[in-house]
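Each in structure tokens, the structures are laid out below.
In the two complexes below, chain A is the common chain; its partner is chain B in one and chain C in the other.
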Partner chain A sequence: MTTLMLMLWPLLSGLFLFCLIKVPTRTVQWVNIALHLVWGVFMWQSWAGFAPDQLGTVSWSWEWFPSLGSSLALGVDGLNLPLIVLNFILSLLLAFYSLGKEKLGASYLALFSILNAGSVGSLLALDALAFYVFWEFMLIPMYFLIGKWGSKNRVYAALKFFAFTMAGSLLMLLAIIALGTEYNTLSWNALRDAQIPYNGLGGFQGLVFLGFLVAFAVKIPVWPLHTWLPDAHTEAPTGASVILAGVLLKLGVYGIARWCLALFPMASQDVAIPMMVLGAIGVVVGSFAAWKQTDIKRMIAYSSVAHLAFMVLGLFAFQEEALQGAMFQNLAHGLSTGALFLIFGIIYDRTHTREISQYGGLASRNGLLASAFVFSAMASIGLPGLPGFVGEFLILSGTFFSNKTIALVSLSGVLLGSIYMLSMLRKVVFGPVGPTLEAHEIRLQWNEWVAIVPLLVLMLVLGLQPQFIFEKSKFAVEWILALMTSGWGV
Partner chain B sequence: MNQFFESGLFQVSAAHWAALAPYLALCVGIALTTVAAGFKASAHIHKILLAVSLGAAAALACWGMGSGDISFFGTSLALGDTMRWTLLAVTSLALLSSLFVDEEEHGEWSTLLLISTLGLVLLPGARDWVAFFVYLETLAIPGYVIAGLRLRRDGGFEAALKYLLMGAFASSLLLMGMALVYGSAGSLDYATIQEVAVRGLPSTLLIGGAFLIAVSLAFKVALVPVHMWAADIYQAAPTGLAAFLAGAGKVAVFMAMLAAFVGCGFLQVETFAKLFTFLGAASVIVGNLMALTQKNLRRMLAYSSVASAGYVALTLPVGAAATMAILLYLVTYALGLLVCFACLEALVRITGKSSSSTLEISDLKQVDSKKAGLVIALFSLGIFSMAGIPPLPGFLGKYLMISALWSSGQLLAAGWIVVGSMLGLAYYLKIMVPLYLDAPSANKMVSLRPSVRGPLAGAFLGLVLMFAWVWAYSQMVAVG
Partner chain C sequence: MDEAFTGASTTLLRWIILFPLLGAILNGLVIRSKSLKVSGIVATMASLGAFVVSLLVVSRYGLLSEDIGYITDQWFVWFNVGRINVPFWLEYTPLTGLMLLVVTGIGALIHVFAMGYMEEEEAPFRFFSYLNLFLSAMLVLVLSSNLVGVFMGWEGVGLCSYLLIGYWYKKDENTAAGMKAFVTNRIGDLGFFVALFMLALYANTLQIRELLTFFAGESSQLSPGVVLCVLGALFWASTGKSAQFPLYVWLPDAMAGPTPVSALIHAATMVTSGIFVSVRLWPLFATQPLVLDWMLWVGMGTAWLAALIALTQRDIKKVLAYSTVSQLGFMFVALGVGSPVAAFFHVITHAFFKALLFLGAGSVIHGMHHDQDLFEMGGLRKKMPFTHATFLIGTLAIIGFPLTAGFFSKDMILAKAFEHGPLAWGLLLGAAVLTAFYMLRAYTLAFWGEPRSKHASHAHESSWLMTVPLMALALGALLIGFIETPVVLLDIHALEAAVKASWYGSSGEVIGHHAGHLSHATEWILMLVTSVCSLSVAYFSYKKFRDHKTKESATGLLADLSQNKFYVDEIYETLLLKPLSFVAAWSWKIIDTYLINGTLHFVRNTLGFSGQFLSFAHTGNVQTYAWYMAAASAVSLLISWWVLK
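Let's look at the complex of A and B:
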């Protein structure tokens, strides 16, 4: 029941918030925080009651379409729990961030809650149809969040986001339908136990696998399917950017681990090298692109492309360190990039420009905020002691064992990462005070600090105590790896 | 004479009465509304009579669910569970479309609508072509009258005349086809025709007849290339008629096509099945592309429903195995369309236009999304359901159809539906832009706060019915 409430509560709160459309904005924002706190109770119950040695255990299920072999099966395990909690934390902090912002009223908060229901639902789903329903369900609120509350080019960005993701997902839909007709079940556990036979990428397992893979590759996004992301990130309002970077992109990585690696291990092995090559290209291209950007949000978006390409490497290296690293980096990147978008969003709320050249001297205008910004950037670069380091180190060392060339090429991404991030910091945070910061005072309200500080603390905790997460996901990761090394012979 | 009575033609058991009960309820409704019209009863009474007889028919169909197939009039009418499901669909859609009728029109309307509904619900049960033709005309003729009830509307005369001429043309094609089929099979009975059709290579005469029948029915459901009338009728005909034709009409005619083509064994003839794949593929592309270029909302919805007919036509060759999938898709799509029609009626009042026929996409800019929140929320739910985005019901229908195609090995057709759905998104999302995303225009016209309660109730009812269908499907353990 707790598991169901993880998904149902945000859905109900979303519908409730829609009804508050005539209530004063500030009241709605407080109600939203209260609803989040109740959601947090369910989160806490799931986190505390979590037994790490389970994978795919269904804890709540409803036979919604028996004739299709599908049920609404939900379960918490080591693969999804950390991400669900991350989703909750980011959403709660954004609820604080939105306090007092007149534009972010009932319909914005309601769409946000509904988006949460979709993302948590697709994380929890242990049934292919249920997964697909939640996966697509996320598109609608996100489309409106970008399209309505975004900046100048928002309609174009929202459409591009919608079209790209939908195109990928429809291939996944075909794959799910194929699975359903072939095996008469869509349950994750049953499909895994069915041990779908493999005869090449052109065979059944191969094609179905590719259907899933494309959907996830668009979401991650893997180069060359990444072009929607910079637009969506740049145009989206701060909250949507944070959730997009912190949760939605992560779903692609999670999806590959849950649905591709676990159900189609042989096909996954056959595409490992091409995927790693795409990952390496993504790292390099994303980093160079980030370097060249003049728009801060666009730069962070391209840095996401590069960082997520690291995770693709980690997924397809088939080494324990690499896979653990990818799962961990998922959280680390969610926190650090989420923090970057949030902090810059707070600055943008006052200055209304994203041009790097307009900035400069943030450190002398608001030292505390500048420190937080630098801290998050360091976490993103992968400074030891912060989580980005743990994740990328594990991924690279794992990749090094499986393919040295690719590991060496992507190593350059770490270097490039520090180049573009540091040069952005130099231009924005240090140096003489630029024209926008001259014109605008950067003074934060208490609630904005409440939104930022926990992120910084969490980064520090994860950076120094990564074990805290590893022990949750260890069982799942080892299980998947066993599958990779021995195929269906486990 | 004795022989005639002993033949079983007039042996009527309790089970027969039970199976006929929903249809009799409609007949009683027709009689009562006619009498009521004679006494110049108020529109209110007509509405109640209409709703009660449609509701009674639906309730009786629910009650009889699961009691097996029964034949009437020899073998010319077969009533089974599929028929009961179809009846449920058609009556609920007819009830919804009756909400669009203006007060002063209600007298003739309720009678005509009930007669047409009776024809619709009987059509899929026909087991020979004479019966088929009789039911088809029963449903079509009241439609011509309704189309001509109010000729003074914008483009009303043109639409009514077009609809009549097109209908007559389609009927003549159907008769010609029936004649050819009779010529080659020597019978108009489905079962006998099937024997001829599947035995060896069917004659050119039979295939020619089947083609003519198919084309004439393609007219009725507006498949490309015989879809031209749809846009005019959807746009210019009275809203109630457009909604009735697009909703109830399409569901019943498609179900009848499926029953007839499976019954006659036409779908086992490869060239014939190919014809539908071709018509379907063309409709998906043309419908979606034409919808993209429309400025008028009702025309756009018309082309969207051409595309949706295309999806069904693509699935039709699967045959009996796809019955439930097709029905569910048709119903959820039609309900989504009616939700949109209802919302358009509400939006007309908000924007101050004279009728929803002239409502353009750009007019939606005038709608204040804060003040008319409920209307546009329902409108978008209807749109997203038609687009087939989960968790809205339209998705389930599409899923089932693709699934049916996949299990019968027609991967290309399945892929085509997916491609069409992608194209469809483009114009569905185009509506969202003026509704929500554009910066509010300076002269919002919503300050009058006109009454939109009626259309809103209709839209809401449509949405509830849509989910009720999904629920009903989830309760059916075995498909088909």
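Let's look at the complex of A and C:
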């Protein structure tokens, strides 16, 4: 039941918030926080009751399409729990951030809650159809969040986001239908036990696998399917950017681990080298692009492209270090990039410009906020002691163990990351005070600090004590890797 | 960890790191006092705390004994995934003990000095917080028993260096210098990454003790090719952090930071970490004469290049910066000729006299109202007697005046170079002679002759907060050399014993290298030749610049090359940075804008699937959206239910 409530509670909250459209904004925002706190109780129960040696254990299920062998099956395990909790934490902090912002009223908060239901639902789903429903379900609130609360180019960005993801998902739908008709079941456990035979990428397993892979590759996004992301990030309102970077992109990485590697291990091995090459290209080209951006959010978006490309390496290196690193980097990147978007969002609320050249001198205007920004940037470029290092280091060492050339090419991302991040800091945080900050006071309200500080603390905790996360995902990761070495023998 | 290692476990070591860390947190996050006294005293107490604990540790476990056992502080598990096992443990060896004393001792003195130097700052708590944070990162580097932990310190000191170089962030060039330091160091750090990957893959451990116990010496199970790659990569990393060719270019620019920072980070401690790590891992290096050759010639080239540049610099801090690069080159030469003891000896003596020189320069700059141009100075010896006396001691130490600290360490390096071959010795002697010239030039221009500017004629001696650390360091620059002296002169070998006791029983003999012992006569002759050459050139330089009047720079081909730093920055800019920047811009524009988005827009336009298409839905009314959503979900669910049931 707790598992169901993880998904159902935000859905109900969303519907409830829709009814509060006439209530004063501030009240609704407090109600939203209260709803989050209740959601947090379910989170706590799942976290505390977690058994580390579980993979794909269904804890709540409702048989909704018996003819397809599909049921709404939900379960918590080491692959999804950390991401679900990250989703909750980011959403809670955004609830605090939105306090007192007149524009972020009932409808915004409602869409946000519904988005959470979609993302948590797709994380929890242990049935392909259920997964697909939640996966698509996320698009709708996100489309409106970008399309209505976004900035100038929002309609273009929203449509691009929608079209890209839709195109990817359609292939996944085809794959799911094929699976359902062939095996008469869509349950993750049953499909896993069915041990779908493999005869090349053109065979059944191969094609179905590719259907899933494309959908996830769009979401991550893997180069060259990434161009929707800079637009979506740039135009999205702050909260949507944070969730987009913090959770939605991670669903692609998670999806590959859960639905591609675990169900189609042989096909996964056959695409490993091409995928790692795309990952290495993504690291280099994404970093190059980030370096040359003149818009701060677009720059952070491209940095996400580069960082997510690291995770693609981690997924397809088939080494324990790399896969654990990729799952961990999901959290690390969620926190650091979430913090960057949040902090910049707070600045943007006051200045309404994203042009790097208009900034400069943030440190003179608000030293503490500048420190928080630098801190998050350092986490993003993988300074040891902060979580990005642990993730990147593990991913790169695992990749090195399996393919030295690809690892060495991707290692350049560590250098390029420092170039684009520090260039941005130089122009935004340091130097003489630029025109924008000359004209605007940057003084934070208490609730904005409440949104930022926990992120920084969490980064320190995960940077110095990451082991408890690895303990959570260890069983699942080892299981998947055993599959890679011995095929269906396990 | 391996059970075979016996020894003591202690929780004392972590306090050496925690004291400055707590100081940084107190100053940076808790107190945030605008008072120089409050923040300065907190930071100084924190570094003194680390010094006291270091003293305690050193006196408890000793420096000289062969068999001190395995003294660790098993603090916590950082992460442990697959082959990457990283306990965050600290370990004491005599080598670390010495480094601890140098870092915390000189660090504490520099904190005191900074309390005088930073008196005009509005909010010095940020400065002291960074300075403390630097100390704790440096101590992580020194104490960590695991190479990933060392790397944490390695990058941590890089971060603090970045923050402190750009401390006066309102000026863009300071931030630019900080960024140059960070990025250049990261180019080196790629090598550190590669070394870690290779060791994890082939040696299956990243614990220094296990690496040295199992993989050093003739019986190593690692293939020589692997060790060569690992050590080559580590040396590459060292050229970044320890400012060797081709990555030294960040260090001169780093002088943009406050002078105490230059003294602590960019002279005494951080920049020597490349050498420190090499000495710590020496038994591995000893198996690879090829890497030692690289060290020898890269170090030699850097020593010369930097010394030539230092000849004509006008900025007193730039002279000292290039001198640091050059002296670090000496240390790499020492490693290259197979003498880690000489290299580490020079690390220690250099820490004293170069910190002294930088702080002396700081005192001069303070007295000169932040004018750093040597040609604007002159005659300061009467206005600033304490600064003058101590700067003179520092100068004598660095040029190797007999019986000062620099004399012993430089003499040891030269003797070892002579054992290696006359070419190495001759070239190194040349670099030493250049040192004597440019150092006496800087000293004479600043302190002798008549004042050449208003600032110089109104210069004043600094407060006791600045002169007392100067005197303490001067004492060190005079006496610290006596921890290791030649056979012909007192025959003390404390340092050698300490360093050799830190390799877990490995002798550290270079493979295939048979150290011939120099006869006593040769040692005396070498010492004499070095001293006579250096001192006569020093005297020549003093005579030449004593009555220097003009403020014009020298001209001529060589002088131009030297003043313009052999155009190395410009060459990097043209050959590396601009092409890379061009490729980045080009790859983004061509690939993303034209190829990918261009194709997409083409497809969209052909299909008539334009942005207008869905805009009918874009009413802006949220309740309408909600209805769309609810209706669409319901309809799709119903349809699928009905179809599939």
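By our rule, the second predicted complex is superposed on the first by the 490 of 490 C-alpha atoms of A that agree within 3 Å, B and C clash if a C-alpha of one lies under 4 Å from a C-alpha of the other, contacts with A are read in each partner's own complex, and residues count from 1 in each chain.
In this text, a contact is a pair of C-beta atoms (placed from the backbone, for glycine too) under 8 Å apart; a residue touches a chain by one contact, two chains touch by 3 or more.
Everything quoted here is computed from the prediction, not taken from an experiment.
Once the two complexes are overlaid on the shared chain, A:419 sits against chain C while remaining clear of chain B. Looking at the shared chain after the overlay, A:67 reaches both chain B and chain C. By the touch criterion stated above, A:35 is placed in contact with neither chain B nor chain C. Of the two partner chains placed by the overlay, chain B and chain C both lie in contact with A:137. Using the contact criterion defined above for the overlaid structures, shared-chain residue A:166 touches chain B, although it does not reach chain C.
Of the two partner chains placed around the shared chain by superposition, chain B is the only one that A:181 touches, whereas chain C remains out of contact. Shared-chain residue A:94: touches no atom of chain B or chain C. Look at A:191: by the touch rule set out above, it reaches neither chain B nor chain C. Set against each other, chain B and chain C differ in how many residues of chain A they touch, and the higher count belongs to C.
Looking at the shared chain after the overlay, A:465 reaches chain C, while chain B stays out of its contact range. Annotation: chain A residues 18, 21, 64-65, 67-68, 107, 137, 140, 144, 147-148, 155, 159, 163 touch chain B in one complex and chain C in the other. Partner chain A is touched in their complex by these residues of chain B: 370, 373, 377, 384, 389-391, 395-396, 399-400, 402-403, 406-407, 414-415, 418, 421-422, 425-426, 429, 432-433, 436-438, 473-474, 476-479.
Across the interface of their complex, chain A is touched by residues 76-84, 126, 148, 151-152, 155-156, 159, 162, 166, 169-172, 175-176, 179, 182-183, 186-187, 189-190, 193-194, 196-198, 200-201, 581, 583-585, 587-589, 591-592, 595-597, 600, 604, 609, 611, 614-615, 618, 620, 622-623, 625-626, 629, 632-633, 640-641, 644-645 of chain C.
Contact residues on chain A toward chain B in their complex (touch as defined above): 18, 21, 63-68, 107, 129, 132-133, 136-137, 139-140, 143-144, 147-148, 154-155, 158-159, 162-163, 166-167, 170-171, 173-174, 177-178, 180-181.
Of all the residues in chain A, the ones that touch chain C in their complex are 18, 21, 64-65, 67-68, 107, 110-111, 114, 137, 140-141, 144, 147-148, 155-156, 159-160, 163, 224, 227, 230, 285, 288-289, 291-292, 319-321, 324-325, 361, 363-364, 367, 378, 383-385, 389-390, 393-394, 396-398, 400-401, 407-408, 411-412, 414-415, 418-419, 422-423, 425-426, 429-432, 464-467, 470.
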